[in-house]
Amino acid sequence: MLIAGKVSWALITLVFSLAMLVVLYLASRKIYVPQIREHPGVHAITEAVGRAAEMGRPVSFSPGTSSLYDTKYAGDTAAALTLLGYVAKEAVKTGSKLIVGIAPPTVLPVAQAIVQTAYSLEGKSEEYVEGDTVRFYSPDQWGFASSYIGMMYRERVAANFLFGGHAAEALILAETGATVGAMQVAGSTNVYQLPMYVVACDYTLIGEDQLAAAAYLSPDPAQKGVIFGQDIAKLICVGLIVLGAILSTAGIKIIYQLLAS
Amino acid sequence: MAGVWRKIASVVLLVAPAIILFDFALKNPTLQSVATDLNNWAVVVGAFALGIGAYSLVLRHGRMISKRRPEWPYSIMLLLTMFTFIVTGLVTGSITSPQYNWIYTAIVMPVSSTLYGMNAFFIASASYRAFKAKSWEALVLLVAAIFLMLKNAPIGGVISPVLPQIGGIIWDFAGATGMRALLIGIGIGTLALGLRVIIGQEKTPLGGAE
Amino acid sequence: MIDAAMLSLLISTTLILAVYSILYRENPAFRIGEHLMVGATVGHAVVLAVFQIRDLAWRKLQSGIATGNIAGIAYVIPMFLGVFLYFQFTSKFRFLARVSIALMLAVGLSLSIRGLIFVNVIGQIQGALAPLTTLPNIAYLIGVVCALLYFVYERRASEATGPLPKIGRYVLMLTMGAYFANTIMGRLSIVIGTLTSLFVVPAWYLIPVAFLVICADALIRRKTPKSAKAG
Amino acid sequence: MMIFRELLSRNYKQIIYLALFLALAIPLVNPIGLPVPVQKTTMGVYNKIESLKPGDVAVVGSNIGAAIYAEVYPQYIAILEHLFRKEGVKVLLVGHGTEAPIWAEKALNEINAYGRKTYGADFVHLGYIAGEEAAVAGLCRDIHALLKVDYKGRPLTDLPMMKNIKSAKDFTIVMDFTASADSQYWLNQAYATYGTAVGFGLTAIKVPDAYAYYTAGQIFGILESLSGAAQYEVLIRRPGMAAQGMDAQSLAHLLYIALMVLCNAFVVMERRVKK
């Protein structure tokens, strides 16, 4: 029935999903509410928006150049959009001007809806300008990058958020943000761009940090539960690695074969 | 009507991933063709989305021109270029026609390669600003970067053949430890986020709860 | 006289210099480059999208109707879903875009999940199972475990592992430093390629012109300190 | 030192950018000729080609495109130059993708191939074959069944060299230049099936995958990006675009390291002043 080589995949996906769903259920029923530590970068998001409001300068946000149906960075884009929901809410609350730069056209309607909702929830619908608060730049990474850095210079942004799947334009965006003096928080699951963020930005949500932050900042606190599910999955991985390495030292390759099945 | 439509959306969120995930592990030709079609459907819907983007762009720059905002001449230039590309592409019927190729190589190619190459300049300014060894963590970052550069640039091996070897050790270690943990974490994190979206717990990436 | 190839070369060289001028400061030349680039890439994307809809949906629909193939006829669905996206701009029918977005997101997430679990999780665990007979292998095991424990967010679980997450953080920083430096060569070869294309006549003559403009601008700005500094 | 610091702190970005521009531009205009250490993998390619005897056949996988031009084209030129210097070695060019033959012709003209050797007797350009791995398999099985004409439409039967070259059994080596999966095709089809020696010229990103084959002894060598090309240029004593590029690379890397050291030196100095 199952394709050879995919048995371990099915098993691991199933076990991990179950762990996450069970913890999520327990948390939503308040049976077990895990204590999740806050990443300093998450706190910095709020701080950066507040700082921009004090300075009276805008906040810019990019949810990445990967589309909604990207085969590798779709999760990245989804996490970035969740974080956009949070940043938009904070920006509207503190009264800073928000500029969202969009590259993939598929993300545009979603971002428009998220930001517009954030404005109308605070009763500031008139401040949302169609086509201007959420700006479509270009689906091409370099067309997008040239517009985004031009915007950062001209608007003199005070806080810049780079989330989602960015490719080689990541450093260009981040370094320009640093040049205009913006406080920057970035995150990605693109492992080749993370080093650029670590070097150029004030705070970086490395890989899973960004995906967990999406759950951490969810308006529904029960959603934090899933993060503990992620921890369980990681601890299973640690167990497999340690056990597998010790066994293979003894010449037993059972874990490797299991994973290859 | 709106309620029913939203129900359909939840069903799509549950059924489409089920088909695509089961297709990965099960050998079933029907499942496979449905999964391929689903993928194509998403691409088709995505292609339509570009119209929204173009509309939004025309709206913004049209407003700039009509209200004579400071940057309005640039907006005219942008819209003209855009329509030139669209007309040339659709009239010649292909993006490989000589006319289309000419405008593409004259504008898009040089700007792309320039911006890509600009990374090298930004690496320089970032190196000067950000590699201050103010903490142990920053020191580790700095040392690893320096040894890797000495490994990659031919000059490192000329100064001393030991330098590239140290760089090589650091590179192997980084790939087998930090990178590995990062990749595993990303896999698990994506699964968790995906699950929450699929079962309808996370609505923001769909455009908010409304 | 100037022929098409020469004109193309002149335009592209001017654009290269215009875009590089952002390294000095934000200026009209860069803005021209920026707006041309956005117009060009969006126009290009529109052309591609039209062809994509034609080849991927319209042709399949046509042949589906001709042969009575249900899978082909079904391509009318994504075309409608695509049109529904445009109701985003109305307040009354905005909900219609919901299914289209759900479809794209569902496809993307499930494709990502299946690929990432298979390649990232299983592949990397397999890679970490080397026998502990050499010093590097032992170091790799300790390093990967510490780095993984850094990503444990539950407070008690994280505290129970003692100093290991902290070590994991150092391991990650080392990785970041190494990967940062390792991208440099590729980036440099791109800029070297661009510079090589600039260092041929007639493009060559434009470089001193650009430098003179920048120097003149720097002098003028020095005399009028009022202007805000962007660089 | 203090003046230096004053300048850097005021306008540091512009000055750094100017310094990098000079570090890149000077070696391009006026090559310095900084030494280049030669890697094992590059040496493997050199030794293999050096060992070719008259009558041996070298297949050159020509898959250059605009995307990989900067990294791979200099390698391609260097290898062709070396092959054309070897007396009696037959060269067969073939690639995937419509763009590939244009680059191949450009390279052949650059080394003056048509002036140095006879087309048809010493070298043949087959153009490109469509159909990914299946096409490579077909080529290895029977060239004459897959292709009837060369790149310019001349019948293969008219080319004297092609009389003795029928399948992968007649290939001595395959040197494939690529950034995509097709390196795998030659490994699967030529090496695994017919035992033909295979080597690669790759972009930096593809090297880690290929290195595993090298350590396993399945391929005879790899040219790694621009540095591989520069090393090869040194080996065949023909400094070209890669060697210049390498000078620029070396200087730029030194500048980056100097900047990192300098910013830390300033931090230390500031602390001293405060005390």
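By written order: A, B, C and D. Residues from 1 in each chain.
The rule is simple: a contact is a pair of C-beta atoms (placed from the backbone, for glycine too) under 8 Å apart; a residue touches a chain by one contact, two chains touch by 3 or more.
Remember, it's a predicted structure, so these values are computed and weren't measured experimentally.
Touching chain A and chain C together: B.
The highest number of C-beta contact pairs joins the chains B-C.
Ranked by distance of CA centroids from chain C, the top chain is D.
Distance from the chain B centre to the chain D centre is 28 Å, each centre being the mean of its Cα atoms. Between chain A and chain B the centroid-to-centroid distance comes to 13 Å (mean Cα coordinates, whole Å).
Between the Cα centres of chain B and chain C there is a gap of 4 Å. Of all residues in chain B, those touching 2 or more other chains are 21, 24, 39, 42-43, 45-46, 49-54, 57, 71, 108, 111, 115-116, 118-121, 123, 125, 127, 129, 131, 141-142, 145-146, 149, 152-153, 179, 182-186, 188, 190-191, 193-194, 197, 205-207, 210, listed in ascending order. Taken residue by residue, chain D touches two or more other chains at 13, 17, 24, 227, 249, 252-253, 256, whereas all remaining positions touch fewer.
Counting partners per residue, chain C has 19, 22-23, 31, 33-34, 37-38, 40-42, 44-45, 85, 88-89, 94, 97, 101, 104-105, 107-109, 111-114, 116-118, 121, 125, 128, 144, 148, 151, 172-173, 176-177, 179-180, 184-185, 187-188, 190-191, 193, 231 as the residues that reach two or more other chains. A list of each chain pair in contact follows: A-B, A-C, B-C, B-D, C-D. For chain C in complex with chain B, the residues that touch the partner chain are 4, 7-8, 11-13, 15-16, 19-20, 22-23, 31-53, 56-57, 71, 74-75, 77-79, 81-83, 85-86, 88-89, 94-114, 116-121, 124-125, 127-128, 136, 139-140, 143-144, 146-148, 150-151, 168-182, 184-185, 187-188, 190-191, 193-194. Remark: chain C residues 19, 22, 26, 30-31, 33-34, 37-38, 40-42, 44-45, 85, 88-89, 94, 97, 101, 104-105, 107-109, 111-118, 121-122, 125-126, 128-133, 137, 141, 144-145, 148-149, 151-158, 172-173, 176-177, 179-180, 183, 187, 230-231 touch chain A in the complex. Partner chain C is touched in their complex by these residues of chain A: 6, 8-9, 12-13, 16, 34-37, 39, 67-75, 77-78, 105-106, 109-110, 112-113, 130, 137-140, 142-143, 146-147, 149-150, 153-154, 168, 179-180, 191-192, 194-196, 198-199, 206-209, 212, 227-228, 230-231, 234-235, 237-238, 240-242, 244-246, 248-249, 251, 253, 255-256, 259-260. Across the complex, chain A meets chain B through its residues 1-3, 6-7, 9-10, 13, 16-17, 20-21, 24, 67-69, 74-79, 81-82, 84-85, 102, 105-106, 108-110, 112-114, 117-118, 130-132, 134-137, 139-140, 142-143, 145-146, 154, 168-169, 171-172, 175-176, 178-179, 189, 191, 194, 196, 198-200, 206-208, 210-212, 214-215, 218, 220, 223, 226-227, 229-230, 233-234, 237.
The touching residues of chain C, when paired with chain D in their complex, are 23-24, 184-186, 188-193, 195-196, 199, 231.
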